[in-house]
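What follows is a pair of complexes built around subunit A, which joins subunit B in one and subunit C in the other.
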Partner chain A sequence: MTLGDRTKIVLLLAPALLVIGVLFSGGLAAALVQSLGYLPAIGRTEVSFAAYREVLGSRDFLDSLILTLYVAGASTGISTVLAVLAALSLRRSSGRVSAVVFQLPITIPHLVAAVGIALVVSQTGLGARLAAALGLIGEPREFPALLYDRYSIGIILTYVWKEVPFIALVVLAALRGVAGELEEVARTLGASAWQRFWYVIFPVIAPGVVAASLIVFAFTFGAFEIPYLLGQTYPTILPVMAYNEYRALDLGARPVAMAINVLIAVITAAIAAAYLRLGRDLGRG
Partner chain B sequence: MSVRLELEGVSHRYARDGDPALADLSISVEPGELVALLGPSGCGKTTALKVVAGLLAPTAGDVRVDGRSVLGTPPERRRAAMVFQKPLLFPHMDVAANVGFGLRMRGAPKKDSASRVREALRQVQMESLANRRPGELSGGQQQRVALARALVTDPQLLLMDEPLSALDANLRSEMRDLVKQLQRDGGVTAVFVTHDQEEAVVLADRIALLFDGVLQMYDRPQAFYDRPASRAVAGFFGATNFLEGRAANGTVRTPLGKLRLARPAPTGDVVLTIRPEALRLEGGENSFAARIASATYLGTQVDYTLETGGARLRAALPPHVRLGVGEEVTVRLPPESLWTLER
Partner chain C sequence: MGKRPGRRRANAGIVVVAALVALPFVPLFLWTFAGEWRFPDLLPSEWSPRGIHYLLEPGGRVFEASANSLLIAGAVALASVAVGLPAGMALGGYAFRLKGLVVFFILLPILVPPLASTMGIHLTFIRLGLADTAFGVFLVHLVPTVPYTAIILASVFADRTGELESAARTLGASAWQAFRHVTLPGVAPGVAVAGLFAFLISWSQYILTVLIGGGQVVTLPMLLFSAASGNDPVITSALALVFVAPAVLVLVVALRYLKPEAPDGGKGLVGLGKAS
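Moving on to the complex of A and B:
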């Protein structure tokens, strides 16, 4: 590539890069500045860590953080395991049916997914009525509470339903590539099914699995709408907590809202860094 | 102990209503023998190899090792190590771990397998690169490691699917010698798939030639030159001189003239073939006047096209015989070099 080509590419990409750059770093910078208490609009120009002290010192934040880690971790973990199993069982099928079944949830907005899950698992929903009709429970309202519950089962179910296909498609692509050929080699060298998975397939697909599940973790850690719709009132997930502070009539609460957002970004980044490192080590075998 | 491999009536179809990729293949490979499955691409040779490895189940027929059917045995227990066209080294393991893979899967003691890995790497001259990653090796080096990885497990069968076709010409002949030497030394029964007729001739004890999934001829390499089973087989091995004629009483009347045969031939319509290198520029029995129509110098030989009264013949002669285009010569077709095919 000559220098001219490179300049041309940079120039062609400039509008997109500019928008992304301004929205991303601009938004992050604004959040950071506001979290430090700098709000000239209401006459505050003093910079302090007061909001951080308030957030980190509060019981609410700790409860929310634990809940958020639990929801994001459980959703990611369950989705990843199911996705890898699904991809393993689907990789030999030529795949029209599986392709449709798998690509469908990806096209559906998270909000619609949440409504759909609520329709099925709420105590007045299809699942409850079906269970009652089958005589598994006496009345629909005896159906276990899976929405607005303390284990956030409705939220996790929605995420799993949405994210399994996403991870599975990534894994499937890796499996249908070189992993399949390597598996045949391992087979002729005497490796059993489990050995082939553990020593060959898993290390080969690990970097892809890690990357895809990391995206899912970062998303579920920072996403707002599904926990807002299906979550309990206390404690809430961090983004919902931030939103509630942001929505407060008192503009003075704004630094707290922004401090939570900055903390979400920092925690996500830290976990991502640790996780990518793990992926690299797994890939090395 | 080397084993005998037998394929009996092996057929395979990829689609239920499709043409068979392999039709009724029966060959037996003697203990320690190296057999080449030869044929153009898509002729079913890789299919046959995968059936032997157990990676494909035949739709009909049987595969036997030392007389016992192995169809019920999964590939991982067949002790049939396979080397593929691509090296397919495990990218997350170094060279030594790749070679030791099969031993590790079988739970061989660490100390014992380490010394076997070292020995295998020495045999393919890769011991100095034991700690490299596959990505740091050249294509030829990777294929050596793949070969060592297959051989170190002491397989009953060594199956090779065009392992040299991705290498460049120099490396290829070097690797060819290595494959042959390792196979001979180990005495392992081996099947080698190739589309390269020269490779098959150099490597194999016997060649099975397949066209469109059907076995055309199974014999020693020399036989494919001396006594090809059909015009197509002769053509695949580079024969270009075909003379149609009518045989009677040990002679064949052809457009060239009357040719005497050394071996008795059935009476009727036949095709005579003679290899370009068997033609002689001399008088005597079966000789005719000819004119040089073209000459191509190939370094180790010269290819001539000879125009006779009724036919064109190709002759390959040693390079010290230099004849110019247009020169008049006498060409002889020695009776013992003429081979009769049914028409």
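Moving on to the complex of A and C:
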């Protein structure tokens, strides 16, 4: 590579690195500084880990972390299984039709998905009306509460609706490649359906599935809107907890809010690193 | 055995999946035009134009919020293509040291929530007079959009060999002419898709706008959010339908360009899932 090429690459990358470096990394750095209690705006210039000690030792944070892991884990797990099943059963259908069907939820804003799903699963929603029509329930309150509930069903349903198509498209792309031919060979050699899945298809789709699941997990771990709209009041997921602390009138709560932000960033960055690591290993293999 | 039962099963499967995908839109459409819809009626007993009137109210908040949303998302789309295009050229067209690190850095805001960085930068924005302004909102919207435009365009440039450009140069075109008349038309569909997705990501932002706009910059998702937290499904559904319109348009356009039958059809789409 010539010196001219190197200069050219640097110049080409400069605008993007500047935008992300200042607005994103700069923002995270500012969050880190504030989490250490350094807030000259309110006359605090002492630096300490007090906020982290407070956060990590508090019951609220633990409850919130558990809920966040549960919501992200359940959404990711359910989405992954359904996506693989959907892709396996749809792979022989027309590419264009399945592309439209799967692309739609991916493109729809989360907020719209949440509102639509809330109107389906609420106690006076479409589901409850159907249940009443079938004579299963008489009153709205007899329908299970799926919104603002302890099990975060409404949140998980919204995420599943949004993320199944995303993972399914990744799986479909893998299946439409070499897996089809290999499976045909395995079939000719007398492999059963289960053997074909486990020994032929699964190894082909596994890397893509893991990568897509990692993205979904990181996203659902750090996303704000859906849990803010459909979640219970306590405990809340971590980003909502950070936001509530941030909005507290007491500016003294700022370091706590920022400490939660920093912890969210560290956890999601670790997932991002794992994701890219995986991608690189695959690129080599 | 053979292909036919598999095909039939696939077609049955697609009907089921399509129904599940369509399900949340059913109450949105019905409520938008509902006048009276009591439990346990399966359909509204009366229809009313109230939802539509609310949307079209002259000088109403919907009009202002839509204009703000359009303006911000349009500017964000243009800016993130302008920033992402050169980055995509570098990442897609060249191999260089530390490339893995650069990709990690550029992709980071897709997985690390920009909410965390935006809360951190809020104080600085207040000091610089950027808080509570549409320009400040525009700036923070670039955080989730630039990674997407850069990565989409990197995959577009990675598919180009540069042979056409060399041919143009051999025939006497300047570097700029080769870029303008050969490269640019070649990558135009990819640029359009990247721009549309940046538009959509910005259009869908709620919390970044609330934080930096401080309630002074009102966009559609903010109206939708406050309606959804209230108790009027008619207004909520009407707003949701307006809010979803560009997404449907973008989908139609993107599907024309992305050609899902191509063997790598899923490739360009991977990672686009987080458009909100």
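Throughout what follows, the second predicted complex is superposed on the first by the 257 of 285 C-alpha atoms of A that agree within 3 Å, B and C clash if a C-alpha of one lies under 4 Å from a C-alpha of the other, contacts with A are read in each partner's own complex, and residues count from 1 in each chain.
We take it that contacts are C-beta pairs under 8 Å (C-beta built on N, C-alpha and C of every residue); 3 or more make two chains touch, one makes a residue touch a chain.
This is a predicted model, so every value here is computed, not measured.
Participant: Any idea whether subunit B or subunit C touches more of subunit A?
Facilitator: Counting contacted residues of subunit A, the larger count belongs to C.
Participant: Pick one for A:204: touches subunit B only (first), subunit C only (second), both, or neither.
Facilitator: Only subunit B; A:204 stays clear of subunit C.
Participant: Contact-wise, after the overlay, does A:262 reach subunit B, subunit C, both or neither (first, second, both, neither)?
Facilitator: Touch partner of A:262: subunit C, not subunit B.
Participant: Is A:189 contacted by the first partner subunit B, the second partner subunit C, both or neither?
Facilitator: So A:189 only meets subunit B here.
Participant: I'd like to know which partner A:90 touches here: subunit B for first, subunit C for second, both or neither.
Facilitator: second
Participant: Thinking of the overlay built on chain A, is A:176 touched by subunit B (first), by subunit C (second), by both, or by neither?
Facilitator: second
Participant: For A:140, is the partner it touches subunit B (first), subunit C (second), both, or none of the two (neither)?
Facilitator: Touch partner of A:140: subunit C, not subunit B.
Participant: Touch test for A:56: subunit B only (first), subunit C only (second), both, or neither?
Facilitator: In the superposition, A:56 contacts neither subunit B nor subunit C.
Participant: Looking at A:276, would you say it contacts subunit B, subunit C, both, or neither? Reply first, second, both or neither.
Facilitator: Touch status of A:276: second partner only.
Participant: Show me the subunit A residues, by the header's touch rule, that subunit B contacts in one structure and subunit C contacts in the other.
Facilitator: After superposing on chain A, subunit A residues 187 contact both subunit B and subunit C.
Participant: Applying the document's contact rule, which stretches of subunit A touch subunit C when the two form their complex?
Facilitator: Interface residues on subunit A, with respect to subunit C: 1, 5-6, 8-9, 11-17, 19-21, 23-32, 34, 41, 86, 89-93, 95-120, 124-126, 128-130, 132-133, 140, 161-163, 165-166, 169-170, 172-174, 176-177, 187, 212, 215-216, 218-219, 222-225, 228-229, 239, 242-243, 246, 257-258, 261-262, 264-265, 268-269, 271-273, 275-276, 280.
Participant: Looking at the complex, which residues from subunit C come into contact with subunit A?
Facilitator: 1, 3, 6-7, 9-11, 13-14, 17-18, 20-21, 23-28, 31, 39-42, 82-84, 86-87, 89-91, 94, 96, 100, 102-121, 123-124, 139-140, 142-143, 146-147, 150, 200, 203-204, 206-207, 221, 224-225, 228-229, 233, 236-237, 240, 243-244, 247-248, 250-251, 254-255, 258, 260-261, 263-267, 269-276
Participant: Along subunit A, where are the residues that touch subunit B in the complex?
Facilitator: Those residues of subunit A that touch subunit B are 178, 181-182, 184-192, 195, 199-200, 203-204, 283-285.
Participant: Where on subunit B does subunit A make contact in their complex?
Facilitator: Residues 53-55, 74-82, 84, 86, 88, 90-93, 97, 101-102, 104-106, 149-150, 153, 159.
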